[in-house]
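What follows is a group of structures, each given as structure tokens.
Next come two complexes, and both contain chain A; in the first it sits with chain B, in the second with chain C.
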Partner chain A sequence: MNVESRKRSLRYFFAKVVEPLGYKFTPDAELAEYLLEQETHLEEKHGSPFCPCQGLTQNHEANMKIVCPCIPFHREHFDYMKRCWCGLFVQKDVSDPDSLPQISYEEFRKAKDASGSGEGR
Partner chain B sequence: MKNVRMYTLSTCPWCHKTKKYFTDHNIPFKYVDYDLQPPQEQEKIEQEMSKRGGAVSFPWVLIGDDLVVGWNPAKYDELLALSKASSR
Partner chain C sequence: MLLEVAKAGEIAPGGMKFVKAGEREIVVCNSDGRYYAVDRRCGHMSGPLEMGALDGTIVTCPMHHVQFDVTTGEALNRPVPEYIDEPLPGRWAEYMKHFGTLMANTSVCNIKTFPVKVDGGAIQVEID
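For the complex of A and B:
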């Protein structure tokens, strides 16, 4: 399967997964195309469409948590940012994705600890 | 001026933006693309990240002793301004 065809398949599949989670593709079409293309390359090389912005390690279980769309494994963190880490998906009410910074998991955890709630990893 | 070094991914657009930010501000930096390293080097990088309490997320930017994980130009600005002030 060529890259363009695989990107179309991933887009179709991902939309079905993220929609019920309250997310949509980023309105930044250029960014979405770039990230999907990187994912097809990662899939070709490593077997799954891993997140292009998180590192693969020797830990298989940890790696499975960064297969796109990885929102269910990082739900509270991503909900807090209103986007996933790589920015391929944003929450449905987001129209200006550039306004959303990446907030590290550690910063998110500190903020949650301060408010008395959070998620484990 | 504080030393700047970073761990990045060759596949990550935010890592590209981060490198561009420092280049555009004429701030010298060193970087290593984690995904292009052999497994032994990757393990060393993971150990350093974990020692500093971070996940294996990118871009990972060390400005002096301050760690910023993620594309965050406002924070880079802030830390670089502090750096300029402290070097006076």
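For the complex of A and C:
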């Protein structure tokens, strides 16, 4: 498999999924290329382009929730950060992705609980 | 040898048509108004590609979801393994284990592409 060709096809399909969700590829082109490359390696090894920044477990259902783009499974959390966990996607209005901190799910829950609402996972 | 395989307008955008041209089995693809022709058989386990899905210039095999770029014939991924979350009865479990071993040792090859020409109302494919 040619990694560059696969990256192009993943870009093609991912863009169709994330666009209606209000997201786009990060403007950090170097980061996007790096993350996509890691995903092609994970896909080669495991059969699906899993998020390169989240660990696989023995739980198939949980693993399926980190197949890129995993935004629909973590919508409220990622909307809160304005980016997905690894940063491959950011919300459409974001122009400076470096300004967006990676906030753990626990921190996010605490913040949501403090404000009186939260999402189940 | 240039063969007429379809009439223009016969294949809707995003659609595919299986054509038997002599000894060849080919699939003609309409990718947003541009036509491409590729070998019908998937480069993995020979699944019939016209029964899969065409999205842009990428066709996905219906058998194990291997994808190919119809402009070049290049294979874009490995097969996607099926996940079965219920235990299979004895013989089926053995069979699927055996099948899984075969799958893991089956390489994915690029597929052949054929030049396409649209002449008037006819879509023609150059078959070698």
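Basically, the second predicted complex is superposed on the first by the 120 of 121 C-alpha atoms of A that agree within 3 Å, B and C clash if a C-alpha of one lies under 4 Å from a C-alpha of the other, contacts with A are read in each partner's own complex, and residues count from 1 in each chain.
Just so we're on the same page, contacts are C-beta pairs under 8 Å (C-beta built on N, C-alpha and C of every residue); 3 or more make two chains touch, one makes a residue touch a chain.
Please read all numbers here as calculations on a predicted model, not as lab measurements.
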When the two structures are laid over each other on chain A, do chain B and chain C clash or fit? fit
When the shared chain A is used to line up the two structures, what angle, as a multiple of 10 degrees, is there at the CA centre of chain A toward chain B and chain C? 130
By the touch definition at the top of the document, which applies to A:57: first (chain B), second (chain C), both, or neither? first
See if chain A has more residues touched by chain B or by chain C, and give me that chain. B
So in the superposed three-chain picture, is A:105 touching just chain B, just chain C, both, or none of them (first/second/both/neither)? first
Which holds for A:79: it touches chain B only (first), chain C only (second), both, or neither? neither
Looking at the overlay, does A:6 come into contact with chain B only (first), chain C only (second), both, or neither? second
Minimum CA distance, chain B versus chain C, superposed model, integer angstrom? 19
If you lay the two complexes on top of each other, which residues of chain A touch chain B in one and chain C in the other? none
Can you list the chain A residues touching chain B in their complex? 31, 34-35, 38, 41-42, 52-58, 62, 85-87, 101-107, 121
So, in the complex, the side of chain C touching chain A is made of residues 55-56, 58, 67, 69, 74-81, 83, 85, 108
Considering the complex alone, what residue numbers of chain A touch chain C? 1-2, 5-6, 9, 12-13, 43-44, 47-48, 60
Of all residues in chain B, those that touch chain A in their complex: 9, 11-15, 34-35, 39, 42-43, 46, 53-58, 68-72, 74
